[in-house]
Amino acid sequence: MKGEPSKRHDVIIAGIGGTGSMIIGQILAAAAVSRYNNVLWNPSMTTARRGAPADCTVILSDTEIASPLLFSADTIIITESSRLKAFEGRVLPGGMIILETSGENEEVERDDVRVVEIPGVETAARLGNALARNMVLLGAYVEKLAPLPAALIEEEIARKFPDNGKMRELNLNAFREGMNIARSA
Amino acid sequence: MAKGVIEIKENRCRGCGFCEMFCKKGCIEMSTRVSNLGLPLPDFINPDDCSACGMCAWMCPHTAIEIYEYVEASPATAL
Amino acid sequence: MEKKWIAGTPRLWRDIPVIIPFCPGCQHGTAVKALCEVIDELGMEKNSVLVVGIGCYTMASILVDVDSAMIAHGRACDIASAMKRIVGKDTMVITWQGDGDALAIGCEPTIHAAARSEKITTFMINNGNYGTTGGQLAPTTPLGQVTTTTPFGRNQDQGYPIQAAEFIGSLKGVAYTARGAFTSPANYQKTKKYMKKALEKQRDGVGYSFVEILSTCPANWHMSPLDSLKRVEEEVIPLFPLGEFKDVDKIE
Amino acid sequence: MTDRLLIQGNEAVGWGALNADCRGFFGYPITPQNEIIEWFAREFPKRGRAFLQSASETGSINMVHGGALTGVRVMTSTSSPGWALMQEGMSNLANAELPCVIVLVQRGWNTTRHAQTDYTSVTQGGGYGGYKTIVLAPKSAQELYDFVQLAFYLADKYRNPVVVLSDAILGQMMEAVELRNPDFGPLPDKDWAITGKANHKDGNRRFSSIGQGMLPTPKHPNLCAFWGDYKNKIDTIKKKEVRYETYLLDDAELVLVAFGYVARVSLEALLAARNKGLKVGLIRPITLWPFPSETIRDKAKKGATFLVVEDNMGQMIEDVGVAVQGQAEIHLVNALDRHLPIEEGAIYPEKVLEKIEALIK
Amino acid sequence: MTDRLLIQGNEAVGWGALNADCRGFFGYPITPQNEIIEWFAREFPKRGRAFLQSASETGSINMVHGGALTGVRVMTSTSSPGWALMQEGMSNLANAELPCVIVLVQRGWNTTRHAQTDYTSVTQGGGYGGYKTIVLAPKSAQELYDFVQLAFYLADKYRNPVVVLSDAILGQMMEAVELRNPDFGPLPDKDWAITGKANHKDGNRRFSSIGQGMLPTPKHPNLCAFWGDYKNKIDTIKKKEVRYETYLLDDAELVLVAFGYVARVSLEALLAARNKGLKVGLIRPITLWPFPSETIRDKAKKGATFLVVEDNMGQMIEDVGVAVQGQAEIHLVNALDRHLPIEEGAIYPEKVLEKIEALIK
Amino acid sequence: MEKKWIAGTPRLWRDIPVIIPFCPGCQHGTAVKALCEVIDELGMEKNSVLVVGIGCYTMASILVDVDSAMIAHGRACDIASAMKRIVGKDTMVITWQGDGDALAIGCEPTIHAAARSEKITTFMINNGNYGTTGGQLAPTTPLGQVTTTTPFGRNQDQGYPIQAAEFIGSLKGVAYTARGAFTSPANYQKTKKYMKKALEKQRDGVGYSFVEILSTCPANWHMSPLDSLKRVEEEVIPLFPLGEFKDVDKIE
Amino acid sequence: MKGEPSKRHDVIIAGIGGTGSMIIGQILAAAAVSRYNNVLWNPSMTTARRGAPADCTVILSDTEIASPLLFSADTIIITESSRLKAFEGRVLPGGMIILETSGENEEVERDDVRVVEIPGVETAARLGNALARNMVLLGAYVEKLAPLPAALIEEEIARKFPDNGKMRELNLNAFREGMNIARSA
Amino acid sequence: MAKGVIEIKENRCRGCGFCEMFCKKGCIEMSTRVSNLGLPLPDFINPDDCSACGMCAWMCPHTAIEIYEYVEASPATAL
């Protein structure tokens, strides 16, 4: 696929405390290595150890990636709705917010961006474990923006989670369900 | 009747379960409720048996429990 | 009937506006609580100074309602020694350190404060690794334990854990050493007793006093809080026995 | 084709060192470089290479001293407070002319977050005696991988420690890295290594000293012989080892000067500015010492204005000042220009662009 | 009348500290400053002041940290390798804004003899985080006595460590010193001292931190608040605390720039040159940081040539370079111009005169 | 009759062109001589590396005819640990240090090399002070001794001397510790035996080995050479007894 | 006496190993403090501990003393004749060399300086202890150059050596005997 | 008759007197002669009693003594 003209994708994933949002960013980036000339994942964690805000930025691009730090991005995934207000202003006009609906009931105030609301926690819990909540959002992102074939992400999820473990199935299901939901969202 | 009562400050609780483990009276049980941080919260399920012994608070690493003993109301010191 | 407060947050535990970042089941909080209670029970609130090293416990420097300083990693005993020699015998100078802080980078300050018989007290929280930086090998890590710098388990190639309370107790300038843990309410009380005694040795000008406190690190041990506590009970205490190792009322 | 891995900058350090045939790593945990020491703990012992966790950074640098004495390639990594603790050791290594590599993953003074607050300390040489080291400033995980190898080469070439200056952002972020094999050319034998007489062709003892010139040796019969030699070495490096990168410099009226990750933030701003038709260029020093003063001075003489962008309170700007010799205006975007005044606040390209626009009107 | 004692420069440090009401000294033996620590060992305990020998210089600087926390005046002294070991502590003291004094009796890299090889390290600030300290450079035993007192004043005024830069010659030589009592004016209360709540008027706890801006305090609610404040402090010092001395500058065509004992060697050469009718002047920086750049620049603009004289391989010459901004020629007499290339070789006035004559012909 | 050389300058003692600056009666020379002999007798000349700290004994780095490095004050054990892990078991790595060097500024390196069970050997010359810098207090200075930093005699305010051979011997990673002296020909031979045994422990890969050697410092003790020797015999040895304190053939 | 015009005196004392030559320099300097506005004593010792060359410079002056390091001086006192060759060239023309005669028998080659030969070791030994040898040379210097009244030096010697100790007498005698010898040398 | 002989290298000797003290045969005595450095020199005063035992050299801190034993001259290995 290399060599074909390819859009650049910038996404910020904003969550809380630890690794959930970090890991979907890493999976997205790792899955894209074979597809894009340049791939970057950049975390932003505060000193506080657990339960503190934690965001990451993923950039997929065929041209050189200049800044690893983005103030604004095409897409922002909010995995904890409490982070919405801090990030709402950072989506580019015409961009998209993928928003976890569980938790605080903040509303997006901007009208120049698309909003995709995803019940990640609920969906993951329904599939067996709320821990997979962020995978649902990743599915929604891939469905909506299509930066990569879903198969590449699924391969990466399989690599990340232990063989035959039920975590692999859970996460794959959550990812696929996220795509499903997004298709009709 | 209950000798005392405990108060669980859910904003401080980190769901470790030490209180449940060390209450010999079985007054505390980890519930299915979760805190803001997504961690399980304990419930004071058996107030009547609480002896206000202090153990749960001693063992709580997150200073999330306060224990009170019931004492006779002291007559207002009038004068 | 009225409600009388019996136990819980100690009086000297400050209500601070920042998140206390101790992981679920981490006993750093328990240790700070015990410290608050001990200082209060000894009536030392107004004449205590807390010198806090760098580790997950650094928060203690803003949690305890006494004068306090957050200082360089490992150098608490140097700093406390100098402070004590200036503030004089009526002010208690206490260092609050981890096993990495007090025994690795802090080896020289700790051992020399002990040898010099400084009239200060060290409380060292031993959780068998460097919690803050993600769970690396510490001078106290038991053989076999997996850490991020002994990914296949500590073996003899990295030597043997240092038993601080015994080792430091062997120096003549030391008035008191003990090792406690928080694996049960009884141990909690016993550990508080050790901590008190250590402060009394300082108050009485006997010499250096040192209490090692075994603690959990569920996050880096990759264990649940309850399993961590069990590990301390079943695996750590047999290697690091509880009790008093040195207790003299006068040196010489 | 070479491998392409998505790895953290900190991990790229490990792969680079492995590829450079580094044989020993000595380090002490400190955020934000823990992934480096953990990489070596995982990868070195199983390959029969030395990994040893020290009891402090003073210990690390002296272990590096020990390793370097044996003539193999050795290194350490640390963050800012640890770098400070290595200053005596750095001076000793320079005096004893022992090659080694130090990766400094800067943090912001005493926070664990990103910044470039150690620029002056590394480029000027702290410690004692006036030692100097080449300082390489990568901008990406790929360059971390590449520059660690270059650093080993330069260290061996000049028998002097070399610093690779990273930071919390470069260390923590992941990028796709190509595990390529650079060839820097031949190097002299390490006939001076301290490994026991059995290992020397001539069977004679070897002697290494941190006080060269004190005890007479054939190479340095007296103190000034050593000082003179050291100065010559430094002068040679200054002449031969300046490295930098430029972007759109030719017609630039405003020249950004930035290193490390900040050079990339600046480049983003530059591209945006160019889109608006503003004539902006960029000089990115790759060696912070020796500093690319001449390139900057040339541009200054041609009447350009400079905008230094750095994530500290203004340190490299002093070197830019030396370079332009009063012949150009110099402005600064510094750490206070973070979008939020807190630890994780950052200088975004938007902020740099804002300053650019304020300057070219 | 004040006392006049024939004492070593190292002893003058002790007397100066005593007169400044220094209450604690913490140090570790190292040549050529042993007479300082021995002076305090002899004189302090009997006066009820704290003297404590540390187990290393890392220990000394941290003991100084402890002493400074209590709000009294405390100090240490050391020589070059020890200074290097103090770099983390220096950074921490600066970050925690704790006043204290460090007397650095330089030796020549790793020899025990005289030199000025630590100029760059002290003036630039090694360590981490980009800390800065005022550096006072006395030229005599009298000034050692005076400047130690000035140093304590400035340290308290700015809540920042201050370095007094001595060397083997100033430390070892004896001169008649007048034990005078300077009055520098009032200073603010040390309400921040960590001495126990009983000792504070308001009864509230005090908190000191080496990571200011990490944990919010009223003074520094966030990181940039602290960084900004620290930068302001540094800028104020740069503006207000420049000190220097000049000799026969007005008509000088050639200006010597030298500090410490070398300034006196240079003065001797200057006097000899003037006797021969050569128009030579001298600028002696007293504060090496902040550096008297403006005075030098003014003179450069008037067309003077500069001859920097320093007992190292050329360090201050960089600052002179920054000052003149390419507007004057700068020449150097350095440590290689010793009459003998060995440790105890020295730059004599004759050598400086020789260079002066070669330059004005 | 022919003359056969029996004793005197050891074969490995180099004839160097600079003045050997040991003061009259200083036993640093004796110690270096013993080292030369021990290395020679064990046949380790070609595969030994000497790591020499900073003190009056620094001269050893050019006196002994083996590969050698003069390194930072106090850090010999860090340096030696790294060297050993690279050169491997067939090369003997030996640190040559003073009491100040190994125990004060070298506290952390020495104790951690011991705890890590490094396969290296430390010889520490204990002369009860810092000879090089003019006779200051050392971690080994006996109570009462006048030094330039205890001008009225060391008192408890500066703590108590560290008994290195015993203290270090108490760490598990240590294979061997002993204390010798050169107060008599018999002691000279016994000390050599300890030194040999220490090197054998390294050769056999048992663990860290450490020999403390009591020595004179006539210059700073302000005593004649003969009186210094008497002082070691009568005052120092009673406080620092001679003998072996740890001797194991396998750790664990 | 302050305020009277006063010559500046520069003297280098060159010896070996330790404190002998250092101490006479210190005594000279200390005795001069009450007499001169400025007094300086500057030692030069190599790293070698014992038995190595050791020199010092003494400057007495009513005007400011610039350089503490002198390459050449009016007077050079050679307390060990083996040092003569190293220092002979450093006396100013018309200056004086005060030379210990015991030991190596080097001769002064310059003819533009005055040479005063003093048998310090012999004299001191005759007075009871060769340790006082340098005091003889100091006596010769004070006699020849008269930078100070001898009484000031004697006071300083008395201060330096313990009360009633025989060292005090010995050193005073050696100093006086040095003056005597110099008077006729 | 003497079993051996010692050689005192006066340029290395620092006059400590250890050789005199440790020669049980009384072969060595500190003299009134002094070295270049002004330090007393020992004399080998009693060669006949020397047993070439080695003690003086062992104890000499300055490697100033060499000891030789007298042995039968080995016949020249002719062949």
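The chains carry the letters A, B, C, D, E, F, G and H, assigned in the order they are written, with residues numbered from 1 in each.
As a working rule, contacts are C-beta pairs under 8 Å (C-beta built on N, C-alpha and C of every residue); 3 or more make two chains touch, one makes a residue touch a chain.
Treat the numbers as computed from the prediction; the structure is a model and nothing was measured.
A.B. asks: By label order, what chains touch chain C and chain F together?
C.D. replies: A chain counts here if it touches both chain C and chain F, which gives D, E.
A.B. asks: Moving only between chains that touch, what is the shortest number of steps from chain C to chain D?
C.D. replies: 1
A.B. asks: What is the distance in Å between the mean C-alpha positions of chain C and chain E?
C.D. replies: 39
A.B. asks: Determine the centre-to-centre distance between chain A and chain D, using the mean Cα coordinates as centres, and give it in whole Å.
C.D. replies: 34
A.B. asks: Express in whole angstrom the distance between the two chain centres, defined as the mean CA positions of chain B and chain F.
C.D. replies: 61
A.B. asks: Among all residues of chain H, which ones touch two or more of the remaining chains?
C.D. replies: Not one residue of chain H touches more than one other chain, so the list is empty.
A.B. asks: For chain C, what residues touch not just one other chain but two or more?
C.D. replies: 18, 22-24, 72, 104-105, 107-108, 112, 132, 139, 158, in rising order.
A.B. asks: Could you list the positions in chain A whose residues touch two or more of the other chains?
C.D. replies: 47, 50-51
A.B. asks: Help me check something: in the complex, which residues belonging to chain G touch chain E?
C.D. replies: Those residues of chain G that touch chain E are 26, 29-30, 33, 38-47, 65-72.
A.B. asks: Of all residues in chain C, which touch chain B in the complex?
C.D. replies: Per the touch definition, chain C meets chain B at residues 1-10, 13, 20, 22-30, 33, 182, 184-185, 188-189, 218, 224-226, 229.
A.B. asks: Mind pulling up the chain H residues that touch chain F in the complex?
C.D. replies: The touching residues are 4-5, 7, 12, 14-18, 21-22, 39, 52, 54-55, 57-63, 65-74.
A.B. asks: Considering the complex alone, what residue numbers of chain C touch chain D?
C.D. replies: Listed in rising order, the residues are 72-74, 100, 104-105, 107, 130, 132-134, 136-137, 139, 148-152, 157-158.
A.B. asks: Spell out the part of chain E that touches chain G in their complex, as residue ranges.
C.D. replies: Contacts found on chain E: 4-6, 111-113, 169, 172-176, 261, 264-265, 267-269, 271, 339, 343-344, 346-350.
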